[in-house]
Structure formats: structure tokens, C-alpha cells
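Both complexes below contain chain A, partnered by chain B and then by chain C.
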Partner chain A sequence: MQSDIKRLSLILLFAPFALWIVLLIIVPHIGMVVLSLKEKVAPRVYEYGFGNYIDFIQEPIYWNTLLRTGSMSILVTILALLIGFPIAYYIAKIAGNRSRGALFLLCLIPLWVSDLIRAFGWILLLRESGVLSSFLQDTGLVSQPIEFLYNDITVIVGLVYTVILFMIVPLVSTLDGMGDDMIEAGYNLGGSGFTVLRKIIVPYAMPGIVSGCIVVFMLTAGSYLTPILLGGKNSSWFTEQIYDQFITRFNWESGAAFGFLLLAFTTLVVWLGLKLTGQTLANTVAKS
Partner chain B sequence: MTDALAYDLECTNISKDFGSIRAVDDVSFEIPPGSFFSILGPSGCGKTTLMRMIAGFEKPSRGDIQIKGRSVLDVPPNKRNVKMVFQHLALFPMMNVYDNIAYGLRCAGTPKSEIESKVRDVLDRIALPDVAQREIHQLSGGQKQRIAIARCMVLDPYVLLLDEPLGALDLKLREAMKIELKLLQHQFNTTFVYITHDQSEALVMSDHVAIMNNGRFEQIGRPEALYHNPTTAFVAGFVGDSNRWKGKVAEVKSDTARVETEAGLTMICKRRENDGMSVGQAVEIFVRPEFITAEKEGAAGSADNTLTGAVDSVLFNGANSRVLVRGRSADLIEADVTVTGGEGDLHSKDAVRLSWSSQQTICFPV
Partner chain C sequence: MAIATQNKALMFGYRAYIFAFFIFLAAPLIAAGTFAFNDSLFPSLPWQGFTLDWFFNDTEPKLGMFHDRRLLRGLYYSTVIGVMVSTLSVFVGTCNAFLFVRGEFPFKNVFYILMVLPLVIPGVILGISILVMASNIANGLEDGYNIELEFLRPGILLVVLGQFSFITTITSLVITARLKKFDYTMEEAALNLGASRWQVLRSVTLPFLRPAMVAAGIVAFLVSFENFNTTLFLVGSEAPLTITMFDRISKVGSTPVLNAVSFALIVGSGLLALISVLVQRDKTDG
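The block that comes next holds the complex of A and B.
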């Protein structure tokens, strides 16, 4: 009787999670794999094969876009880490107890606005007739309007802005767990500021750094709105290719193959990153 | 050797203000080489601030700190040859024992081969030769303690600061570590400055103890001097247990004074030099329980101070057993007794006579 109740409550608790995993993650992905392995040989006639993947390899524009997306995402991740780390350190270690909550809230506020609205915010600032351009003209620094949109730098700035919060949150929580005496001990035993940062603070924060980097990289590589709106036609982001295949060309088979390639590629990059830095998921992400 | 070099650590008139609060107030002391010096005081008396100033984490508002005769006020904490064992030890959890100990040597740019031999050497000296490759979380509390000390001692500091490092240990281990710390200090022959609020730690281990209260040093001296000849009421009350009475001076002689307590008792107290005692002055009297003899009523004796009462309760604690006696004045007086389990033992409700010498009766003007 008792064990039946236990089992029932376990099933009831587990059911939503299992439904979510199966219906929204596993089933669609199996569908995608199956779809991506279909080739159209004649109208309404399909054969199984690797044709969609072979197309991808044979067309340089496809894999160039994927590599470009990957390298720009890595750059965004590094920038987010370099900018986010001092901010997180300030919030966790330097700011007083009262200002800490306020600062954290300030970081969270942009999340309350949708991606789309935030991207339009950047457009208002950076377009040819936008705030920055008019300001530069008014102060006489430039004589003609300047277009700040539709280049790689703008895309990177916009992406860093969108994802940096996901770097700051895990960093703050790991740095929060580090006692001040750890840093003081580092100095006391003769370490310079740089040594303390390199040998004590960064290794201590490693779980937060790794999980922050993984989340930021995945979000960036899979983002769609920001690169399209800020980069325009020049952005050549891989998600745009996937969108094109699905919607514009109505080529679901090829789109599914691209989607799968993006997942495989980002997974590979994360795995390589972990290998190169000598970290494992078990002792970093699982701990943070 | 010049005079200044005779001390490992010398503080002159140092003060520290945090806003309008004075945490450390005009403290001066000097510590001869190779001694165990404790700073004993209640929580919040400024002892941690004092230690942080010596380590360089705080800058004194006034005064000077000299290490081996040289002022270190302008020396940053990582350049001072003063190492610190933190309250929670602050061992680096992401490094193993070897790397924890080697950290300071690497910072100092010691060659690799030398680091290896020095780490082995210090691990041998703390009697933990086989733990070099262990992770910090695999160590027991006592082992962590010793690693934290080894991590500092491997750098040959002039002074080792210890900030209540035994606070987190359980009682049994704390007792063992007290003796061990004293032995380690002898072995390394380095000056230890030990901060604690636990008087038994300070009294057992130290060559000299400073009693600190409200940011000031009340008294500096050897443990037995502090215990037997306190110079202020705070020291008398803080170090060891005491029975206390408040009263007024009734008669002053050259070496004793007669005091009437508020409860109507009369006691003869020892006078100290320059205590400025005068008739009518309000004083506080301190008598330690071990100096009070408790006997069954009717026993003969001739002590300066006697008192009769009834045993309220017997607090049995082996060799440290004690009786609580309710005198005429209704307050409880503590006296140490030997409980043998035989006929002569005191029991609750027994009528007793308490007696003690005027030499063991100390009073301070309030």
C-alpha cells in the first residue's frame, strides 16, 4: 500500500518531465533525422540517402556560413567572458550587500524586454538617421550621416549585449561561494594581483566560466533575430540558411539536415573547448 | 645586535578608526624572537583588526608596525614576511596538498627542485609525509589545520599570525591541537601571534598573553602573572573564574583594606601598589574559587575571611568539582572541592564554613 502510493507519486512527479523530454526533444529530433535522410528524386517520391549532407559539403557557401557562424560565436563568447568576468567579480566580491541586489537586478532588467524590441533599440541608435549618427553630425565630428548597421562589428556588439547576462549569472554564483579569506591568503603567501587572479580566482570560478561559456556559445550560434536585424543581408548567419531552406525554398529535407549539422557542429566545438582547457562537464557544469 | 633587532614584531601606538568607531586604540607591544604571544579578548574587541593590520590588509590610522626592526607600513601584504593562518584556514580547494604548500614558494620564484625538497621537508616536520597528493576535501580537520600551518612555515616567515584557527574544531581535537601547536612552535622556533577568545587556549600555549578589551590592551604578561596578579578589574573578571562582590572601603591599612559589601559582609582585601584606595570608595572584589576552602561547619581554622552558609548544590566534574554555597546574603558563592566519594564529602543542604586568605582577595576601584 505504502509502496504503491510512493510509486504513484513518483510517476505523477516524473510524468510532466518525461512528456516534455519525449514530446518536445526526442520525438522532433528523431523526426528531423529521418527527414534529413530523405532525398527528393521526383515530385512526391523520396529515397533514403545522405544526399542532403553531401549537398552541404559540396556547396562552399553553406559550410563557409557554418564556419563563420562558429568563429563569430566563439569571438562573442570570449568577449562576453572578458566583459562579464569583471562585472560578476564586482557584483559578487566588491559591491556591498545592499548594492549587490540592485546591480544584479540591473543586469536582469533587459531580459524583461523581448529580443526583438532590444534589437530594434539598437537599430534606433545605430541606423543612418539614428541617435549616434545625428549626435556625431550635431557635434560637427562628421559631415555626413553614417550607417552603423549591417556590419560584423554591430552584429557582435548586439550579440554580446544579448547573451552577456547568461555569462554573468553563473559567474556571480560561483564567485559568491569563494571566501574573501581565499583571496587574502593568496596575497599573504606572496602572490601578486595577477598571480592571485590566475592561480586562485580563475581556477575557483572555472565551473562558472565553463557553464557560462557553453550557454553563451550555444545561444549565440543558434540565435536568429539579432544577426538578421543588425547584420541585414550581410550577416550570413547559419540559422538564416536553415530558415531559408524551410520557409523560402520549402526544402524541409535540406533544412533538417542543416539543423542537425548545426547541432553536431556546436556540440563538437563545446567538446573541443572542454578538451583544450582540460575540463570535464562533471567537475564544472555539474558543480556550478 | 642593535636594540630594535631584538624584536620580531613591534607595534607602537597603533590605532585604527572605522568611521567614528575606534576598533584599535593606541596599542603598543613588542614580541621577542621565537616566542608564543597570544592576544586574548572577547568578540569584537578589535583583535582581528589588529592582526589584519600586522598582515597588511588594513592600514593603521596612526602608529607604526615594525618587523625585525623595519617599518612595514608601506609594504604591501604580499611583500611582508608575515604569514597568516586564517580562521577558516582558506586552503585552496582546487589544488592538492602539494600545490597548496608550493604556492607560496612558486610566488617567490623558488627553483623547482628546491620546491620539491622544501615541501617534503615541511610535510615531514608536521608529521604528515604521505598526504602530498591528496585533495583538500580528503583531509580531516586536524590535518587541514597542520597543512595550513605548513603552507605558511615553508616560507620561513619572521612571524606567523593565527586567527582563532581552532574555533571550528570539536572539543577533543581542540585540546589535542593546543598541545600540537605549542610543539610545532617549539620545533619551528618562529614567533607565533595567536588570536583567541578562549582563555584556556591562550593560557596553555603562550609565553606571553595580552588581554584586549574595547580596542585597548588591558595587561600584557606571562599567563600566571595575568591569572594571579591582574592589574584591572576586566582582567580579573575575564581570565579564569571569580566570585565577585561589590562594596565600599571601610578601613585602609598599609597592605590590606577592609571592605563592607553591599550584602553586608566584611572582607579583608590585599592592597596593590598605587591603588589609590581611600575610605568610602566603591570597589569590586574578586576571589577565585580554588582559593576558597569549604569545610563542614564546626571545623576549626583561622583565615582572614570566613563565611558560613549552606551547600546549594555540588557540581561534580572529576578533578574540577565545585560547590555552590548560599551564604547569608543569598548570593551563590563558588568554591572548588575535592570529591573523593568518601565520608567527608559535602552534600546538598550541608552547613559549611568558607574561608580564604586576604592575599587571595583582590579589589579594584569602580
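The block that comes next holds the complex of A and C.
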């Protein structure tokens, strides 16, 4: 009787989970892969084959875009880690008790403002008639308006800006759990600042670092707004290609193939990252 | 505190770096918000004086946001979608929390990873895969049985499903974390005092979870409200605010009415985020 009730409640609890994962994650992704293996041979006539993937390999623009998106995303991830780590360390370990909460909150609030508004803010600052350009002209440093938008550096800065808080937040929570005594012990044993960082702090913070890197990399590689708005129409971001195939050309088969390629590529990078650092998905992302 | 502070200059440099970072963090938000109050037709310098026209004026060319029909409709759809997504995802998230904290079943770890997975799938891909599935079903029904199901075509339902598919992971993680801290003896005490399982759940366990559920609901609403990538592929004629704004920014060029909306959203989401933090903080220490 008791165990029957337990089993029933387990099934009842399992049902929403199963419906969600099966109907909205697994089945749609299988559908996407199946669609990507279809080729249009005549109107409303399809054949199965790897045509869409062969098109991808044969057209340099496509795979260049994917490689570009991938490498820029890795660069953005590294930059976000390098810029974000000192910030997280300051908030978790150096700031006093009262300013810590305030600083953390200051970090969290922009996190909840839409990417769109943040990109819009950057446009207002950086465009030819924008604040930075006017400011430089007023101070006499330059004589003509300067366009800061529509180049790779701006896209990278904008992306780092968009995702860096997803790096800082897990780092702060991991570093928060580290006792100050561990760091002091490191110094007492004669370690230099750099040694302590390398041998004690970084290994301790590894789950947070990996978790932040995974989320940041995924968000960057899958981002659409920031590269389009800050990089202009020629930003060649892979999500733009997917959108183009789906909405503009209405070529869903090839769009699905691109979607699968992006997923496979990002998964591969994340998997490599996990292997290299000896972490698992369960003890990194799942914890943050 | 713990780091060696032998070098004052280094510490000063560190502080300056932190300060510069927060300027960097705030700059675009300040730019997006401030130009809402500039009495000019363009959101750029020079400053032409203070105005509230971009909020309240009811005539072109300075049509304020509260009189701009399309923006208001976008706001309405975003709110409707946000409420639906947050209700659904908090419900499923709570079930998931009980399932993974209390339940014992084979392959639990595998299922747990499946639960976390949607968070690391790019939003664009969630969007297209759900679009493909819904269209397949709709086309199949239309070809085979001549039934046209409008709700399987891009529109509010698909947007809700698309956002729900990954926001549920967020709510599940938030509520799971809280349920893990629950003290079993409280339930046992209630059971010993003669309460039924249902009563225990309603009067002991759920009240304990409430702060996490409220916080998760707010977070879900905010993430839904500002979602763009997944929504982009699933949107029909009922465009939520982010889509409407993106169209304006990328096509028409910007007027300060967009700054007015930005200002309202920055203040609104800031307040909501603050509430979600405070709700959780109040009772977690207990």
C-alpha cells in the first residue's frame, strides 16, 4: 500500500518531466535531423541523402561562417573569463560584507535587461552620430565623425559585454565557498601571489570557471542580436545563415542541416572543454 | 582581505579596474535610458533639453510610447506570453524538484543531465526544431485528414512552448536547490502529529518552497519577456515587444520612443530582479 502510493506519486511526478523533455526537446531535435537529411528533387518530392551537408562543405561561405562563429565565440569566452575573474574574485573575497551584496546586485541587474536594449545602447554610443564620436569631436581629438560600429572588434566587445555576467555569477558563487584560510595557508607556505592563484584559487574555482565558460560559449555561438546589430548585415554569424535559410529562402531542409551542424559543433567544443578540464556537466552547469 | 596587500599601488589599480568595469557595465544602459528624455527627434547628442514627450505625447512626429499602438500591443503580448511561460515552468519545475530530490529511480543521473541540457542548447536551435515539429504535425493533419490546426502555425502557443522548453530548466534548478535544504524532520513531525501526506505537503513543504517558487517565477517571466532567439522563429502575427523593437531598430531607424521603452524596461526588470533576490534572501537563512 505504502509502496503503491510511492510508485504512483513517482509516476505522476515523472509525467510532466517526460512530456517536457520528450515532446519539446527530443522529438523536435530528431525531427530536425530527419528534415536535414531530406533533399528536394522536384516540387513536393523529397529524397533522403546527405545533400544538404554536402552543400555545406562545398560552399566555403557556409563553413567559413561556422568556423568564424566558433573561433570568435572561443575568443569571447576567453576574454570574458580573463576580464570577469578579477571582478568575481573582488566581489567574493576582497569586498567587505556590505559592499559585496551591493556589487553582486549591480552585476545582476544588467543581466536581466534585454540583450536588445543593451545592443541598442551600444549603437547609440558607438555609431557615427553617436555619443563617443561627438565627444571626440568636441574635445578636438578628431575632426570628422567616426563610425565605431560594423567591425569585428565592436562585435567582440559587444558580445563580451552581453555574456560576461554569466561568467561572473557562477564564479562568485564558487569563490564564495572557498575559505580564506586556504589562501592564507598558501601564502604562509611561502607561495607568491601568482603561485597561490595558480595552485589554489584556480583549481578550487574550476567548476565555476568551466560552468561559466560553457554557458558563455553557448550563448555567444547561439547569439543573433548582438552580431547583427553591432556588426551590420555582413557580420557573417552562423545563426544569421540559419535564419536566412529558414525565413528568407524558405529552404527548411538546409536550415535544419545548419542548425544540426551548429549544435554538433558547439557540443563538440563543450565536450572537449569538459574532457580537458576533467569536469562533467553535472558538477558544473547543473550547480549554478 | 585574504590577498596580500603589501602593494598599495596594486590594490589601487585593482579598485580602479573594478570601477572601470562597472562604468562599462552601466554605459550602454545609461545611454539607452537617458535619451528618452532628450527633446529631439533623434536619440543622439546634442542635448536639446528635458522632455517627457517620448512617454506621453499623443501626436506624430513625437508619438510617446503610451500612445504607440504597436509598441503597446507588443508589451501586451510579451506580458501574456511571460505569464503563461512562468506559470507553466514553475509548475513543471516544482514537479521536477520533487522528482529529483525525493524520487528514487533508475538512471536518475542521466535524466538529471537531460533536465539541464536545454540550458546549453542554443536558443535558435530550440526555435527551429519546435517550428519544424509543429509544422510537420500541422502539414500531416492537413494532407491526411484535411484538418487545419491554426495553433500549430507560428503564433503565441509556439512561442510559449519554445520559451517554456528551456526556461523550465532554470525554474527546476532554482526550486531543486531550495528543496534540497528542506529539513525532513519537519515533515516527520507533522506526520506524527496526525497530518495526512497531502496536508503536510500543503502546510509544511510548499510554504517552505514558496520563496524559491516566487523567485523562479519572476526569473522565468523576465527571461521570457526578453527572449529573442527562440521567439524569432516561432512568432506569428502577435509580435512580442522585443520583436517589435528589433524591427524598428533594424529597419526604420531609431527614434527616442525606443529609449523611452528601454528606460521603462530597465527600471521594470531591475525592480523585478531586485524583488526576486529579496524574496529568496529573506528566508533562506532561517
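One rule holds for everything that comes next: the second predicted complex is superposed on the first by the 273 of 288 C-alpha atoms of A that agree within 3 Å, B and C clash if a C-alpha of one lies under 4 Å from a C-alpha of the other, contacts with A are read in each partner's own complex, and residues count from 1 in each chain.
Methods note: contacts are C-beta pairs under 8 Å (C-beta built on N, C-alpha and C of every residue); 3 or more make two chains touch, one makes a residue touch a chain.
The structure presented is a predicted model; accordingly, all values stated were derived computationally and were not measured.
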item	value
Chain A as common anchor, with chain B and chain C clashing or fitting	fit
Partner chain in contact with A:242 - chain B first, chain C second, else both or neither	second
Chain B versus chain C as contact partner of A:256, first or second or both or neither	second
Vertex chain A, arms to chain B and chain C (CA centres, degrees, nearest 10)	90
Chain B versus chain C, judged by how many residues of chain A each one touches	C
Partner chain in contact with A:142 - chain B first, chain C second, else both or neither	neither
First, second, both or neither for A:199, with chain B first and chain C second	first
Touching partner for A:218 - first (chain B), second (chain C), both, neither	second
Partner chain in contact with A:187 - chain B first, chain C second, else both or neither	both
Minimal inter-chain CA distance - chain C and chain B, angstrom	8
Set of chain A residues, in rising order, touched by both chain B and chain C	184, 187
Residue ranges of chain C touching chain A (in the complex, touch as defined)	1-4, 14, 17-18, 21-22, 24-32, 35, 42-46, 91-92, 95-96, 98-99, 103, 105, 109, 111-126, 128-133, 136, 161, 164-165, 168, 173, 197, 222, 225-226, 228-229, 232-233, 242, 245-246, 249-250, 254, 258-259, 262, 265-266, 269-270, 272-274, 277
Contact set on chain B toward chain A in their complex	55, 57, 76-79, 82-84, 86-88, 90, 92-95, 103-104, 107-108, 151-152, 155
Touching residues on chain A, where the partner in the complex is chain B	179, 181-182, 184-192, 195, 199-200, 203-204, 206
Contact footprint of chain C on chain A as seen in their complex	5, 10, 13-14, 16-17, 20-21, 24-25, 27-29, 31-32, 35, 83, 86-87, 90, 93-94, 103, 105-125, 127, 129-131, 134-135, 161, 180, 183-184, 187, 193, 214-215, 218, 221-225, 228-229, 239, 242-243, 246-247, 252, 255-256, 259, 262-263, 266, 270, 281-282, 285-286, 288
